[in-house]
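Read from first to last, the chains carry the letters A, B, C, D and E; within each, the first residue is number 1.
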Amino acid sequence: MMRYLWLVPVMPLLGFLVLAFFGRNLRKSIITLIGTGTVGLSALLVILIGIEFLTSPPAGNAFTLKLWTWMSSGGLSPSIAFYLDGLSLAFIFVVTFVGFLIHVYSSEYMRDDEGFARFLAFMNLFVSAMLILVLADNLALMYLGWEGVGLCSFLLIGFWYKESANAAAARKAFIVTRVGDTAMALGLFLLITEFNTLDIRSILETAPAHWTPGSAKVVWIAFLLLGGAVGKSAQLPLQTWLPDAMAGPSPVSALIHAATMVTAGVYLIARNHVVFELAPIAMKTVAIVGASTLLIAGFAAVVQYDIKRVLAYSTISQIGYMFLALGVGAWSAGIFHFMIHAFFKALLFLGAGAVIHALHHEQNIFKMGGLRKEMPVIFWTFLAGSGALAALPLVTAGFYSKDAILWYSWSSEKGSLFLWAAAFLGAFITSIYTFRMVFITFWGKMKTHIHLRPGRAMLIPLVVLAVLSIIGGFLETPHNLGHITLFSGMLSGVLPEVHILHSGAESTELILQVLTALTGFFGIYLAWHFWMKKPGFLFRLKQTRAGAALHHWWLTGWGFDWVYDLLIIRPFTWLSNINKNDIVDYISIAPSNLVVWLHNLTRRSQNGNLRWYAAGIALGLIITLTIALFL
Amino acid sequence: MMEQIPVEQSLLLAALLFGIGLVGVLIRKNMILMMMSVEIMLNAAGMAFIIAGSRWAQPDGQVMFIFILTMAAAEVAVGLALILKLFHLQKSIDADEMTQMNDITEASESN
Amino acid sequence: MIIINLIGILMLGGTAAWIGSRFHPHAARSISLVSVSLAFLLILGYLANNLSTIGVTSPGAWLEEVRFSWIPAFGISVHFAMDGLSLVMILLTLFLGVLSVLVSWKEITDRKGFYYFNLLWILAGIIGVFTALDLFLFYFFWEIMLIPMYFLIGIWGHEKRVYAAYKFFIYTQASGLLMFLAILSLYFIHGRNTGIYSFDYTDLLGTQFDPKTGLLLMGGFLMAFSVKLPVVPLHNWLPDAHTQAPTAGSLILAGLLLKTGAYGIIRFAIPLFPQAAHTFAPAGMILGAIGIIYGAKLAFSQTDLKRLVAYTSVSHMGFVMLGVFAFNQLAYQGVVMQMVTHGISTGALFILVGFMYERAHTRDINSFGGLWATVPKLASMMLIFALASLGLPGLGNFIAEFLVLSGSFQANMIITAIASIGLVLGTVYSLRIFQRVFQGPKNKEWNFSDLSWREVIIIGSLVMVILWLGLYPQPVMDAVKPVITAVLGNL
Amino acid sequence: MNNLITSGELLQLLPFITMLAGPVLMIFLISIRRNHTFTWILTLLSFALTLAFAVYLMDKEPYVSPLLTIDRFSLLYTGMFASAGFLVTLLAKRYLDNLSERREEFYLLLLFATLGSSLMVSSNGFASLFLSLELLGISLYALISYIHRSGKAIEAGLKYLILAALSSAVLIFGVALVYYETGGLSYSSIGTYLSQHTFSPLLVAGIGMIIAGAGFKLSLVPFHWWTSDVYQGSNAPVTAFIATVSKGGMVGALIRFFTMIHGTEYQQVVLVLTILAAASMLIGNILAVRQNNLKRLLAYSSIAHLGYLMISLIAFGDGGTQAATFYLYAYFATTLGAFGVISILSDSQGEAEELEKYKGLFWKKPVLAAFLALIMFSLAGIPLTAGFAGKFFVALSGVKADLWLLLIFLAVNSVIGVYYYLRVVVMMFSAPKEKTPASDNSSTFSAGYIVLGLLAIIIIYLGISPNGILSLIGSAVILP
Amino acid sequence: MLIAFYIAGVIAVVSTIMAVTRSNAVHALLYLIVSFLAAAVVLFVLGAHFAAALEVIVYAGAIMVLFVFVIMMLNIGGETEKAKERWLVPKRWIGPALMAAILFAILSYAILNQPVATASLSIVEPKTVGISLYTQYLLGVEIAAVMLMAGIIGAFHLGYTKRKSKHRFLKGE
């Protein structure tokens, strides 16, 4: 089965090609069939391959499928080759499976859009690119997928291209991530310089012998790769594009900007974990980036009133958790959180999409309300997702994945109190903003007329994802709660175990778990209190100058956009405007102007006057004689 | 043998005449007088040849003088004919009025 | 012999087109299409016959060589030779040549005979440049290709064509003369050293200089090549020429003429003056980086679509300059790939802009907007090539830029790091092309028709090639490998 | 009397005698009955015979007398002048047909002028040089003003006359000084003197004045003033003649003179020539840059071209003389072609000298325009043309002699040159103002077209395959 | 003889200056004839008797008479010149005079900086001149003859003004 691995990315690619070339001439049902079918087939294939992989693991717990040599020059010869191990398996499963669900959802959600075929085509292309990204056996090919997903993100954010704002958001996403990508590319160049290969496995195998931990080269490489990861995963300081990326249709937000693409950074770091472990300072940076991102995004989420922006900031924040996990060396915890997050965040986005869809493209939560009764399925599934996001203890998957991160940020040898505190505070804020959103949206009075009710194709994915958000956590539970390690077991061959510093402090773990659970509930209470019960307090707070400023500050995502605008964009456009006509041009015209000037000067000497000419000749004679005699 | 005539002085005389002739060419507006001034210069050159010929006791100097004379005659013939023509056309033989062709009125097109 | 045949077919074809146009108004384009296609088929046939030997020739060996005496008194001979590099460039030339005829099919309505005459003679000149091995002959062709190009811009160009044509000609002529002087002194230095007075490349290789002279002479060569390439302070002819030229003219300028500069550096400037090249290398790389960034910046500011694309060429050719002075296999492979892929992608962009211009009669980027739904095919094609131009993996340009940068990174990390800012800037301007035209609100109710079959064939073939080069560039890289090994071996 | 001419020597003088016999015959014919066409044919015949004799004598014994040395070099130049004269005659026919009376004297003067030029190259001393120079000059005065109802022609003639006489006076005064110092008029005796003595100031002054006088004929800056006005004022065939034969004669004479005295071994001479060359290139080109009168433009361009040519004169021993001669060939063909076009386009409306007149020419008279474009490219030194080969050889000799300053000047000025040559081309290719139907009177033009066809072949031939001419030039040694 | 040389020289210079500066053309010409006569004396003193004779006969006699003739013909003796020329304006003559002075200074420098000791002048008999003219310079004489012929033809052509019909090229003017 595994030799058909190449079909996994190729199926959606085929779908893309068919839709791109003939999409406009096909009936919608056929478009749906092709668009979702190819991804579905892929998902099926992944499940079959996964089963085979897990039941009869190949040698070395990894499988490589080389298709052809991409470019070979001077020893460097990256191939078009796919590499399957536990890590990539986890990723392709999420990508194809969640992707399939979202495709199904989209087939109804986007059906009436004039660009339906285009939408599915891009989605298919995205799935394909994402699969190439995670399956790549070398970093060059990974870079291909990496840029490919960026492209699809660009195309899909700007899907409703007639709005300038959407196009601008798309551009912003592409350019900001491209900044990270460039750093990553430099990292690749440095790797080439060091190893003359981009083959991930050989790099990982030779790296420990090649470098002493903390040597300058490896630190540089780790930081440059981190640059790429930060860009793609919308972490500090390149997180600004993700909230704007919500301009795209909700399924896009669900698939690309929540479940899959934005976690590519996590994948990249996990993939190159050896490099990062050799560069402790980079690891520390990853953790700090994660911690600070999760906080900043969390606070920003609290004040957002666009439902998708709340979710976007929450995504940034959750990816911050994953980074934190990676940074403290809890590799599999990070990946586990990725998977769970993919489930519940996709669910939340799809649910939000359904709401938006139903309310005639209304995204402001303050104009919603009371949908609990009107849209029960949506409500319940959304609640399940929110619970997972807020990590409600025991019943939600989010609890297990987040708890692991919290624990390791405390207990890992790379962890610290500060990291834990940040994560803890983050968890608290998470529950606040999550339930703020839930309460405002689903409780209270109806403010908007329901325009359209979701059909089956939209509801089934919601339900499936809700179920996964609940039960997904049981793949991996803390050792005081059953100690299931199905997930980390799958990754054990790929990613190293976390080194726990405070070993044996089981009581600590329990205390922390309880603490976390309690703060979660406290957050929910606060949300209820401030937004449902006594909304006046916050309103008054907003009236004060400091409150307003804080509100505005958080609303605009801590002003990063403003800073970038001031420091980079404005100088650049200013320069572009003043130098539109290329200053070098003036310099290059100067000689010709000089010649014309000289021409006008000398022209006067040819005045037609005979005596003047004679005088000229006499003068010439004098000059000639002077030169000949006296020089 | 004759008295010593300083060669330098005679050559200086030729050069002086040459210079005066040049001044004539430069300051006269009358075409005829311009030509006349040229004749002065040519004559000075011929004189220089004779001095040189005398110095080397060779006939070549005088031969050259004769050639210059011939040339001057031919030139004057053509030149005066031209001046006559000019007078017929312009009713003037002022050199300064002979500026039909120049670069200043040929206004340069700006491109 | 194939080289002579190619040049001969093109020259005769051009002349025949000119004469033919006297008899039938459409004869010119048919005749030229036939002759360019014939030449293209000829070289494809050659390729097919020699496929096995191309990648495996020993470094420095020629695939094809013709040589006979021309002006024996000065050691000048007609010496053409072709190796992998030349072959690749000839293929590109003839491929774009066919397209340029097709592009002109409807665009050119007056003075067709003379137009196609010029078109074909440019191609002949370019092939001459890519194959001439006698420096005198090289200079000869170097100049020959200018004149028809000059006419092409000056007669069939847009509103400021005369100015652009002048600028183009004078820039190239001025720099060419410096090269000419350098060639002459090279000739004499070599003659004095060895007693053999010859303009032949193979003879002149390995001439010894004192370092200063070597640097000066290489400067002469580099001047000419830098102007063609173009390297930044010498680039000013390019935006004007590209903007004002007719579509086929821009295609050939961007696709081929610029490549002669790169070719010249690889073939002549560096092998002839290895020491000087080493001395110059850091400066060369800095110039490359400046070109990348400055070109990108200017591209971003332009409102004229063609001018915008023209400045992207400046930026892209900066990679060539950067790579050429990195002196390693990776970078050189990248440079060759850049020569090819830039020819395809920028050529395609010019063609697309030309299509737009044919429909809208304006190139002002601000007058467009939201045209995606109106002309989806055109839009997707534009998107593909905008993406190619920003170096999206999977398309040929990525391979080129990736290889160049990874090669030059090994030579100089800091300069390369600065140069790679160009990747971001490339994104900025490439997206601008696409978004301003095809996204956002509609500025005006344009009544466009989408691409016709002829246009789809033109652009489609370019898409195929750019995809092929992006996913499987190995044949090209194999073909030039011996050449690169030879060049690097000389250093 | 060993100095009298023997019959054998008479044979050796045949090319010159032909150019003399033609006019004499014509004078007789004119006195009987004027017949333009017949005179024309006779003139063509004279030139053709001269050329034939020159070619014939190439392999014969050279003629050496106290005044003239007729060696391969002078025969080469004589042949060149005769060919040029032949072409000018062809061009002139139509011109003179339009003149109502007295057309025949033109040919007499033309032959005399050509004779003068040829003799200049053959002169081995200043006596004969001066005489032949004046023969050329006096014939030219009349030729320039030949269409003497035109104020411009008279003006040009008078300007040329006064200035030429002035420069002749300067030249001959210089010769007198040189003679005073060296005691000889022939180049060889001067050369002998110089090889034994150092340069005295008087000699320097003398040679300086000679260079000034020669510079006038070559229209080198700062002796160039007359050029544009005379070019403009005289009729096109005569302008062609002035631009080519008259300058060529002086170039040949200078080459011979410098060869005999080894002039370029003297640093003062080289300095003066260098400055003249540089100034000519620069000023000539700058004056031409935005000139709107084609004839004046060509005048200024000829100043620049003589500047280029001077490079090879300065380089001299290093293949310079050959380069100069080759350049002259190229320049002859090109310049004749340019004025050929002008004379073909000139009609009863006047001389076709305003660039405006050439607007859209390519679409009206493509053959003519293509030819003029070829001329312009040749002048600009673009490959495939004689101008390129010429410039190549000049630059080659310059590089060999390490004349870097001049070479840089050459490069810079070529660029300026390119601009205004292209301007002419642009004019022709730009759209015509109004659609005027091509006035096709090709029958009367046929002679002109033959000239152009011939010249086009020559220009391209010289540009592509200069071997033949090169070996011819290479074999044309100068006898002492 | 030396005295004769100096006197003749001074007369030549002075009369030449007068010739160049007189506003009346006829006066100028007459001064010039005086100058030529003085020059003839100088030539005689220098030992070139034949040349001196020719100077008087041809230059002063023939050529200058031609000038006078033309001036008479055009009737531009004094008035035309006077009306247009403001003679004593230094602007007119100071530049040319300065240039000529510089030129003269340069030439004087060259003449007086002679490395060779003052040479003596010797008389060259007309006979030797004649002999060399017809032996060594025979071809030169021929060329001079052709030159004269050219001059005559030129003058003849240019002097012809009989018909009034215009050249076809010039009808527009």
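The rule we apply is simple: a residue touches a chain if its C-beta (ideal position, glycine included) is under 8 Å from a C-beta of that chain, and two chains touch if they have at least 3 such contacts.
The structure displayed is predicted, hence computed values, not measured ones.
Counting steps between touching chains, the shortest path from chain C to chain E takes 2. Between the chains B-E lie more C-beta contact pairs than between any other two chains.
The most distant chain from chain A is E, comparing centres defined as mean Cα coordinates. Of all chains displayed, C has the C-alpha centre closest to the centre of the whole protein C-alpha set. Rounded to a whole number, the gap between the C-alpha centres of chain A and chain C is 38 angstrom.
Mean C-alpha position of chain D lies 29 Å from that of chain E. Computed from the mean C-alpha positions, the centre of chain C lies at a distance of 43 Å from the centre of chain D. Averaged Cα coordinates give chain A a centre that lies 100 Å from the centre of chain E. Under the contact definition stated at the top, the residues of chain C that touch 2 or more other chains are 162, 170.
Multi-chain contact residues of chain E (touching two or more other chains): 95-96, 99-100, 103, 106-107, 109-111, 114, 137, 140, 144, 147, 150-151, 154-155, 158. Contacts with at least two other chains are made by residues 592, 599, 603, 605-606, 608, 610, 614-615, 618-619, 621, 625, 629 of chain A.
Chain pairs that touch one another are A-B, A-C, A-D, A-E, B-D, B-E, C-D, D-E.
Residue ranges on chain B touching chain A, taken from their complex, read 22, 25-29, 34, 95-96, 98-104, 108.
Of all residues in chain D, those touching chain E in their complex are 1, 3-5, 20, 23, 65-68, 98-102, 105, 108-109, 112-113, 115-116, 119, 127-128, 131-132, 134-135, 138-139, 141-143, 145-151, 157, 177, 198, 200-202, 204-205, 346, 348-351. Residues of chain B that touch chain E in their complex: 1-13, 15-24, 26-30, 32-33, 35-37, 39-40, 43, 46-47, 50-51, 53-55, 57-63, 65-67, 69-78, 80-85, 87-88, 92-94. Looking at the complex, you find that chain A touches chain C at residues 20, 24, 68-74, 76, 80, 114, 140, 143-144, 146-148, 151, 154, 158, 161-164, 167, 170-171, 174-175, 178-179, 181-182, 185-186, 188-190, 192-193, 572, 575-577, 579-580, 582, 584-585, 587-588, 592. Of all residues in chain E, only 106-107, 109-111, 113-116, 135-140, 143-144, 146-147, 149-151, 153-158, 160, 163, 165-173 touch chain D in the complex they form.
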